[in-house]
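The letters A, B and C name the chains in turn, as written, and every chain counts its residues from 1.
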Amino acid sequence: MARVTGTGEEMYALVERMYPLCRSITGDGVRATLDIVGEYIPLQRHEVPTGTQVLDWTVPQEWNIRDAYVADATGRRVVDFAASSLHVLGYSVPVARTMPLSELREHLHTLPEHPTWIPYRTSYYRPDWGFCLAQETLDALPDGDYEVRIDSTLADGHLSYAEHVVPGQVSDEVIVSSHVCHPSLANDNLAGIAVATYLARALAEGTPYYTYRFLFAPGTIGAITWLARNAERVERVRHGLVLACAGDSGQLTYKRSRRGDAGIDRVMRHVLDASGRPHRVTEFTPYGYDERQFCSPGFDLGVGSLSRTPYAGYPEYHTSADDLGFVSPEAMEDTLAVCREAFSVLDRDRAYVNLSPYGEPQLGRRGLYDALGGRSDAKEAQMAMLWVLSLSDGEHGLLDVAERSGLPFATVAAAADALHGAGLIKA
Amino acid sequence: MARVTGTGEEMYALVERMYPLCRSITGDGVRATLDIVGEYIPLQRHEVPTGTQVLDWTVPQEWNIRDAYVADATGRRVVDFAASSLHVLGYSVPVARTMPLSELREHLHTLPEHPTWIPYRTSYYRPDWGFCLAQETLDALPDGDYEVRIDSTLADGHLSYAEHVVPGQVSDEVIVSSHVCHPSLANDNLAGIAVATYLARALAEGTPYYTYRFLFAPGTIGAITWLARNAERVERVRHGLVLACAGDSGQLTYKRSRRGDAGIDRVMRHVLDASGRPHRVTEFTPYGYDERQFCSPGFDLGVGSLSRTPYAGYPEYHTSADDLGFVSPEAMEDTLAVCREAFSVLDRDRAYVNLSPYGEPQLGRRGLYDALGGRSDAKEAQMAMLWVLSLSDGEHGLLDVAERSGLPFATVAAAADALHGAGLIKA
Amino acid sequence: MARVTGTGEEMYALVERMYPLCRSITGDGVRATLDIVGEYIPLQRHEVPTGTQVLDWTVPQEWNIRDAYVADATGRRVVDFAASSLHVLGYSVPVARTMPLSELREHLHTLPEHPTWIPYRTSYYRPDWGFCLAQETLDALPDGDYEVRIDSTLADGHLSYAEHVVPGQVSDEVIVSSHVCHPSLANDNLAGIAVATYLARALAEGTPYYTYRFLFAPGTIGAITWLARNAERVERVRHGLVLACAGDSGQLTYKRSRRGDAGIDRVMRHVLDASGRPHRVTEFTPYGYDERQFCSPGFDLGVGSLSRTPYAGYPEYHTSADDLGFVSPEAMEDTLAVCREAFSVLDRDRAYVNLSPYGEPQLGRRGLYDALGGRSDAKEAQMAMLWVLSLSDGEHGLLDVAERSGLPFATVAAAADALHGAGLIKA
């Protein structure tokens, strides 16, 4: 098990290790990725057989690929999977043929507006094959015949995912989900995986109130598989966060849950506002990452999504330009810091009941109040106690107190601890 | 029956035909007006006897007028009903006298601030007589005796109104009401009558969801009479619109129902906003047209009011300057277009229930989703399907979906149709 | 009983009479203050013994002081209670010693940032003694021994407070509370006491709807004592107002109740807005005056607080600079006028039920409506009647009608009276 230090450099090193692997929604690339993460935090691994019914879906065949290329008449590989896992259309069926460029063209995907970038494309649910390449590479290809070879296997197998649990004081859960199905794309989503990994390690340093469950699974089908297999556990999910695009240089973006005012929505907005960071909070849309599944109307979980530049919000998105230079240790560390702060608030935000609600209790005789009267500079800690007492009617939590009073959440939480210690409030 | 084409020119021609008639809250002018409308759409006519109790009111005596004038010593008619139906105070009792100008003055109504315009005045519920004339006409009258003659009848008779019904798929009703009691005033309310008439014809081209009931009745007492005689039908009214001042050159103004957030309020605001037209949406006030009656607190129906320049909002209001030049085919056509669009939304706005609410249903295998993954330009139609699935929890209608998603209502409705066809949602 | 005229000069004269007295939370200074107020309005006096349990508190020993000074070696009193009641730390235990300045310093309180002002300090619940003095006085004291003498008594006795009731038509109560525990501070709170006194006199000129209870009690412990001894009466409190800092030259400030939307909150905001005065409306905080107790979550009464410059909002606050020159007759008269206006609205704000809610009732035949139709300048009084009829569904009060219609409250209330007289609405 690697040493816990939680720095951006360590997260960046983890991203570097995972980057070359060819991931998809199934296959050995996912398993290799989970092997690496498992060196940092213990993982419970799951293998779900092809054909398993999961909600409205069916676990597809497993896809593995060993080699793929397009070679010209001289045998030179003009497009080569070994150079980048993006070069092959995800879930391409096996091919071994020679064909003229005119016929090959129908299987080639480029980005004319970014002629040096390789696009990322897949065809999970319709049998197809193809290559993705830079427009300028394509433009340089002379007419003529090309050898086309994709050495892949599409066969019954398994869908792989993993969980890591940080046990809490209660069995109510917070889930943190990161998709592990994208090939060599650094921000989407190796950075999210790395931040989730180090967030899990940070939480394990204490004993949180909630039980925190980290989910590393392929997008869409992985989340659906987890939801299908964990109906009872879903009942215990109180909050959740999808982590994606967590390492680019853009400002943080929190996307609300479908509910719009779930606990995580209020906490993330508060923490981002209070942090003074430039940031965006956007409304829910039924598109993006696995919040789509967690927030589907039958589940309607309080799960939001944290990114830096969000889904499809940058030109490099789903292209080879989302590479190791596109993410940085500093950005991942910043994302991690906000997650830690948010979960600290989420974990302490509770509604108390004032046990002495008729008039103010006499704080002075309990040692909770300055004895000298007349001064007008009431201290922040005393104000926090008065606010907690005032709003602790079982309906307002500590975050409500912090927001209504304008006091820092930590000050409010400390006041609640003091009042709880004095027997003046109960949880 | 006239041909259905729905152009502004046809509506304008209808206004021209009705313009010369002397309408009031009862009498042959109303009947003649309904005769004309009846040439365009079939009408169910009603005659309610004088003395009938209707809610807090009583149907008054019927008023009819054949001739009226003020003549000078030479016999010249200086004020002549034949020239304008506005010249006589509505519901004037019969008069046949000669009197000096000084005595006559107490029965003369003018608009000093607009010396060439004739005001419109009535005295329905207090026996009185009078003439309305231009201030400059009055100023030119020399002192002396004048022959005053009003050949009117105020006697037991009937109050007349008419209904036209476009049958729908359900018996729930939408009512569209236009007052027919004003004499030669083009915008108030011949334009409203004309737009209502052509709206009825347009609706009849399809089979709407709701049953649409068009009411052509005198203001206040007519609406009260209809409400008093249709207690059971009122229970089925889901939405309604009062059409008045529908033909001037001003921008469209929608006045909300008393509820403020009734279905029609949301639809009209949405359609006006989405149309890009400059427009106003104003709050309910208990003054104006027959929304006063429909929205009285005992009924509190979801009935708003659509005008161009609203009630009392233009200097020409209730004067002879509200003439055939004050309204235009273009303005009426624009009002009609918004009504049609609004009723199209109202008619399709329904809450569906997602039958596959746990996770996203797999749209791809149903042919509803692009097979090629990885691209970030999700099409509008696919987004609309995801939004409908996300919000179809029985609480949100398609208008909610359109507003929350920012997608056009028509796109959302088409997505709902596709999902309904695939058995993924039910109404 | 003094003559009722209610002018600012009379209130100022009352403030002048009370100013020299040394008040505290108990003792003869409070009693003498209540004696003076009792000359203006009849008071019900209460004496609660030391040791009485009141909610979470205990009535403390009674404190009285006859003399106190610090004298230098020559016998000259360098700090003298006779010169200002502020010179002694409130609730100082008796002292009679000679000590060097170095030792005395620990018992001296000054305001270095305002070197000519004497601060106001107390130590009610921790036995202590001390002197408050100007920084410049302290700076001028040479080292050496000083005679220190505080001729006070801290002994079992009573806590004193008083009530005045203006009987209303119903037993539901409005409470007006002013703290009487501060020594020679004019704005805090002799101005509040004076405005409360003249407000009581003004209310007694009519027969208000509510019963108005005025409370003159020491801050915190006095309000807590009243609440503890009046559990049944508290049930009848519908609204309340704490009056403090009512006489300075600043603009009026209304601080909302904890509920934030209680009747008094809405009324004060409306009256202040409608008055055109510059003013502030601030949110509740659990700090300040006795709204802290009335709004504690167990009681959660609809009690706000009216001040000019609010609690701790001016440099002179709790210093000798809050003197007779800091308050003015004009400011107190202005505060009184707003209180009278607000209580006039509060007293008349009631929800009526329209007894003719189906359609508009025919106002004309009841003499409530202009007979001449067609004119577009509906009078304000008629509009007010239509608004009252429209909103009188038992859920909206007259203040709602005023706010939604934009009409003056007095016009709306007069319309309600007319409709009530005609039997069209009931309370």
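Things worth noting here:
Going forward, contacts are C-beta pairs under 8 Å (C-beta built on N, C-alpha and C of every residue); 3 or more make two chains touch, one makes a residue touch a chain.
What you see is a predicted model, and the numbers here were worked out from it, not measured in a lab.
For the copy pair subunit A and subunit C, the superposing rotation over Cα atoms measures out at 120 degrees to the nearest 5.
For the self-contact between subunit A and subunit B, the two sides draw on mostly distinct residue numbers; the shared fraction is below half.
Look at where the CA atoms of subunit A average out and do the same for subunit B: the two points lie 55 Å apart.
Contacts with at least two other chains are made by no residue of subunit C.
Within the complex formed with subunit A, the subunit C residues making contact are 55-57, 90, 119-126, 128, 220, 223-224, 227-228, 258, 283, 285-287, 292-293, 295-300, 311-312, 317-318. Every residue of subunit B that touches subunit A in the complex is listed here, in rising order: 354, 356-362, 364-365, 371-376, 378, 383, 386-387, 389-393, 404-405.
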